[in-house]
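What follows is a set of notes on a single structure, which appears directly below.
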Amino acid sequence: MIVILKQNAGQTQVQQLIKDFEAQDLTIHFSQGANTTILGLVGDTAHLDMEKILTNDIVRDVRRISEPYKAASRSFHPQDTIVEVSGVKIGEGTFTVIAGPCSVESQQQMETVAASVKASGAAFLRGGAFKPRTSPYSFQGLEDEGIRLLLAAKKATGLPIVTEIMSETQLDEFADVDVIQVGARNMQNFRLLKELGHCDKPILLKRGLANTIEELLMSAEYILAGGNEKVILCERGIRTFETCIRNNLDISAIPVLKKQSHLPVIVDPSHAAGNTWLIEPLARAALAAGADGLMIEVHNNPKAALCDGAQSLDLPQFAAIMDDIKKRVAFEGKQLQ
Amino acid sequence: MIVILKQNAGQTQVQQLIKDFEAQDLTIHFSQGANTTILGLVGDTAHLDMEKILTNDIVRDVRRISEPYKAASRSFHPQDTIVEVSGVKIGEGTFTVIAGPCSVESQQQMETVAASVKASGAAFLRGGAFKPRTSPYSFQGLEDEGIRLLLAAKKATGLPIVTEIMSETQLDEFADVDVIQVGARNMQNFRLLKELGHCDKPILLKRGLANTIEELLMSAEYILAGGNEKVILCERGIRTFETCIRNNLDISAIPVLKKQSHLPVIVDPSHAAGNTWLIEPLARAALAAGADGLMIEVHNNPKAALCDGAQSLDLPQFAAIMDDIKKRVAFEGKQLQ
Amino acid sequence: MIVILKQNAGQTQVQQLIKDFEAQDLTIHFSQGANTTILGLVGDTAHLDMEKILTNDIVRDVRRISEPYKAASRSFHPQDTIVEVSGVKIGEGTFTVIAGPCSVESQQQMETVAASVKASGAAFLRGGAFKPRTSPYSFQGLEDEGIRLLLAAKKATGLPIVTEIMSETQLDEFADVDVIQVGARNMQNFRLLKELGHCDKPILLKRGLANTIEELLMSAEYILAGGNEKVILCERGIRTFETCIRNNLDISAIPVLKKQSHLPVIVDPSHAAGNTWLIEPLARAALAAGADGLMIEVHNNPKAALCDGAQSLDLPQFAAIMDDIKKRVAFEGKQLQ
Amino acid sequence: MIVILKQNAGQTQVQQLIKDFEAQDLTIHFSQGANTTILGLVGDTAHLDMEKILTNDIVRDVRRISEPYKAASRSFHPQDTIVEVSGVKIGEGTFTVIAGPCSVESQQQMETVAASVKASGAAFLRGGAFKPRTSPYSFQGLEDEGIRLLLAAKKATGLPIVTEIMSETQLDEFADVDVIQVGARNMQNFRLLKELGHCDKPILLKRGLANTIEELLMSAEYILAGGNEKVILCERGIRTFETCIRNNLDISAIPVLKKQSHLPVIVDPSHAAGNTWLIEPLARAALAAGADGLMIEVHNNPKAALCDGAQSLDLPQFAAIMDDIKKRVAFEGKQLQ
């Protein structure tokens, strides 16, 4: 971290500031010019609060050099993390597809979809039991019954399941869920993240619509710092000025996350696209850019879906996309899970 | 709501779609052109799911004409809502200032700040007991002890208190809090919003960093739909491409919210500014644009603040701003609370 | 186009409005409900000014159903446009790589780069003679001498050249240039676009940093409406809240542009990335998402480049990326030009 | 400027880099830590190209400490610039209102509007002769005839005129125009800016829809660096994710520009609002935040306006807003021009 001092900073104040930093086990490199005095802080600066330093009268500016996260950083953890769930690997060298409906709606639906997406090559079944909806008048999910139907479909097909948690109070209900999803709107629900740091389940952490890559990694850091090392990052589109699509899939986020962090990165083209016809080109691009997997919305009857029907593939559409994806996974030299 | 059909829509399918809408108590206006067939849906369309309609094979596009919220809408509730707390009024014709530190830190701090901001003209004391921080390594608040210190300061000064809730599990701890704040990151924590809809306390609902005005009103709708009519909206800056300030205060949001909704609107210039010198011009602009109040961060010793020091005014700075604000409130013909 | 009338619209005014539309050769579909009256306008609405209609006292809202562009629209021109330059095809089924330095700097540089990128598989040579630079103190290009050096490199290698125009006054100087590039900052320089509509050269039109896809197509429409049908669209990253990359490559823009328009779409991963290490994953993603080509910055000695060195590949790096791209172009069943 | 070196930077390379900087008249402060080596560059760094430095193999990162502009910076020019035009002052301590139609349409229109806005208190007449329109099918302005009508209205009323230039080729036609406006879409038309730097007329420079405050000041620097010191900055709303308004007026830009620069700052609430009812609250906010003036669209018959009618005030509406503005200008202790 670099601290730039004001021109008129008095010697006594400067010495006091240096002492304060040294008391935090930092080594200080002092560089005085005609107009600018710079302090270079060396040591564990991830714990320093830039804003607090800025309040010092003699400080003009503060700049970070190292990332503000450690456990999530590739610098501190160079080898790729591979999250393993019931024998399925998520991470470098593999490619994992998670598929299923936006909302769990009925036993018949879940059985049909689960059997079909498994046959098409999906490694996980997804489905929302508790749904975060912008409007209080929209369908809010089957709740506990939804979890029960997911577990039944898991039993029938052997597919491990992924479903979204809404609050730290639900952890007991999620005891048999294989991967707990944190939705985009909860990416900075820090109480939830803290609790997930203390549980022993893989967490699929979705990026918020307007959260930076650094904020996503800081949220991962909350979970990792609690002791849970099984975090899967998920890019799902960001909010920009462009209105002709639902969200802008941030394709750069994939290589940036892989460079900055050792955690696996999957992509949700369905929420980015908001429309079925866009899913295939986005899925292809995500794979080509280095993603470790995809999460895709699939419904046995999208027209009757209680949620997100416009972006749900039907079963034959998903099968067709999987045929294409399989060839591309082989081309990339990855192992489809 | 307007439903635009595809050119090749078959008569049978069109008739079926019309029947489906009529079954939902809607009246359908049918308009057929050479290339375009349009259905105009009249009735209570707030409950309709646009995405679901879009999945119909014969539908090309769907457009809303009415707002998707009702309880929060001025169309359904033309007169201004005034939220009254311990005799203080928040809403049209009045101007209310909420002041206090970002974080509650100590008894001495809270007593000093509370007495001082009261003397300067603040009507409410604010202070964070539970803090949402981007980094797990930042100070997370005094928690229960923070609430205790706020209540002690309230007792000493008579100022009602505002503090932020993080989860619906905390409602018991907030039993004596006067106004419960929902932070920007929790604006779409729908489980929390639903619970707040069932409690009898005023809710100060902050706009998310990248949430639209419509989404803010939909989140208010969650609380109102639950039966709690005491909702105060708060604009606090949005995330844009501009990096030289912390957030962009969306000044247009004030008149737009006042036009679309009957709920009071206050502005938090401190979080928008991110820097003390910007607070005064933003506060003046907010008042001139029609805001019903301000929430400002004030600390007895910003340099030692455990959180957000760079944007906290010290006590004399706040007193000076209040002197200016009082003249402007009088100029606007409003009643300072 | 749909015109929604106010509840209190008087019969006389409504009849007058309908007459006004009919006078513009539009057919009107009238749909009256209890609370809403809707006019559906059928005919050539691309020429209608929505804002002007909005100023009518009885109009509440206006919504477009058709796109506001015609010549650029796939609806009016279903088959793909293929732009052919000196025997090189740009468009569906082919894949074209344009490579060269940000700025033309010297004869030796241009000869070295041109020969090398040709050997690696590029079909066009690019290089800036006139440079749009944010700072007046940055290198502004060799200007006329730059054009001369580009033409010399073309003569030596046979590669057709692409270079950026800054003003309609330069058309004479660009007489021997093969493809004229309109830079992102000039995407809405309408005088320039109009003049380019009257010339007989292919135009490579870059999307502005914060321009929507519709605005890009409207700018293409300026050129097409003037009679020049050889327009190549170029996505080069948009401005968002994310700061860890230079620009966000809008990967969705590729399939959206291909769906809405018949014009070829190429991608500039160099300007999006801002950094060499990001170019390869973005190039791969662009190809997988359906782009018809790439424009890549290559320099014989990036460290000494007078412009954009940080994002310029050196010659061996470019050769390596082309080896990879060739395999991927074959996989996609496209013809490398 | 601070240059952060890579951990493995060799001594020879470091010494070479230092020599390179010293050859550019910079003083280097060297600070070596266990993991980080930092060079602090002191001197005139506005001319340094950060990107070029970044291409050096041993450089990890480069950060600016000083602004990249000089002539526009308050650091180098502490006193406020006041631009005087025909006896009207624009700048600190004064408040100037520029009013008139979006487009010049007819002699009768210009005479009516000019006389009326003068009577209401406007100091300048505006009107577009050359119009930048997104669609080639929209009205493009009366061109030369528009300039003639503006000059006639100036002669009749004595109001100096402001009108927008589209290209550097038009300077002769603008010989009698009092203030030349550079529109938002041309803010980075650098050839135009350079030419304006060599002319002796005040330039009203509008901020681009998605340009940062720093970029606006860099564009002002182009004009100032050419020798023309009469630059007036104009904030007119930026592009964000919010869609319920046309543009987001960036109210913070006013105090930020006044702090960073000595140039006058005016605000165009009409283009930000996109709707007449929003103009008054935005105008009030702009004045309260410290703007030196306003530019407002006024039309004698907005319903018949050929451009931007939805955001044009009619003559009585403008008179009413001016009555309000006059009281507020007096309250702020400023002199209405």
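Per-chain numbering from 1; labels A, B, C and D assigned in written order.
Going forward, contacts are C-beta pairs under 8 Å (C-beta built on N, C-alpha and C of every residue); 3 or more make two chains touch, one makes a residue touch a chain.
Remember, it's a predicted structure, so these values are computed and weren't measured experimentally.
Participant: Determine, using the mean of C-alpha atoms as each chain's centre, which chain is farthest from subunit A.
Facilitator: D
Participant: Which chain pair shares more contacting C-beta pairs: A-C, or B-C?
Facilitator: A-C
Participant: Between subunit A and subunit B, tell me the centre distance in angstrom, where each centre is the average of that chain's C-alpha atoms.
Facilitator: Centre-to-centre distance between subunit A and subunit B: 27 Å.
Participant: Could you put a whole-Å number on the gap between the CA centroids of subunit A and subunit C?
Facilitator: 32
Participant: Could you work out how far the Cα centre of subunit B sits from that of subunit C, in whole Å?
Facilitator: Subunit B and subunit C have C-alpha centres separated by 40 Å.
Participant: By the touch rule stated above, which residues of subunit B touch at least two different other chains?
Facilitator: 210, 239-241, 243 - these are the residues of subunit B that touch more than one other chain.
Participant: Okay, in this complex, where on subunit C does subunit B touch?
Facilitator: 2, 4, 27, 29-36, 38, 40, 42, 60-61, 63, 65, 210, 239-241, 243
Participant: Report the residues of subunit D in contact with subunit C in the complex, numbered from low to high.
Facilitator: Residue positions touching the partner: 46-47, 49, 51-52, 54-57, 68-69, 132-140, 166-169, 185-186, 188-194, 208-210, 215, 218, 221-222, 225-226, 239, 302-303, 305-312.
Participant: Which part of subunit C faces subunit A closely enough to touch in the complex?
Facilitator: Per the stated touch rule, the residues are 210, 212-214, 238, 240-245, 248-256, 259, 272-273, 277-278, 281-282, 284-290, 328, 331.
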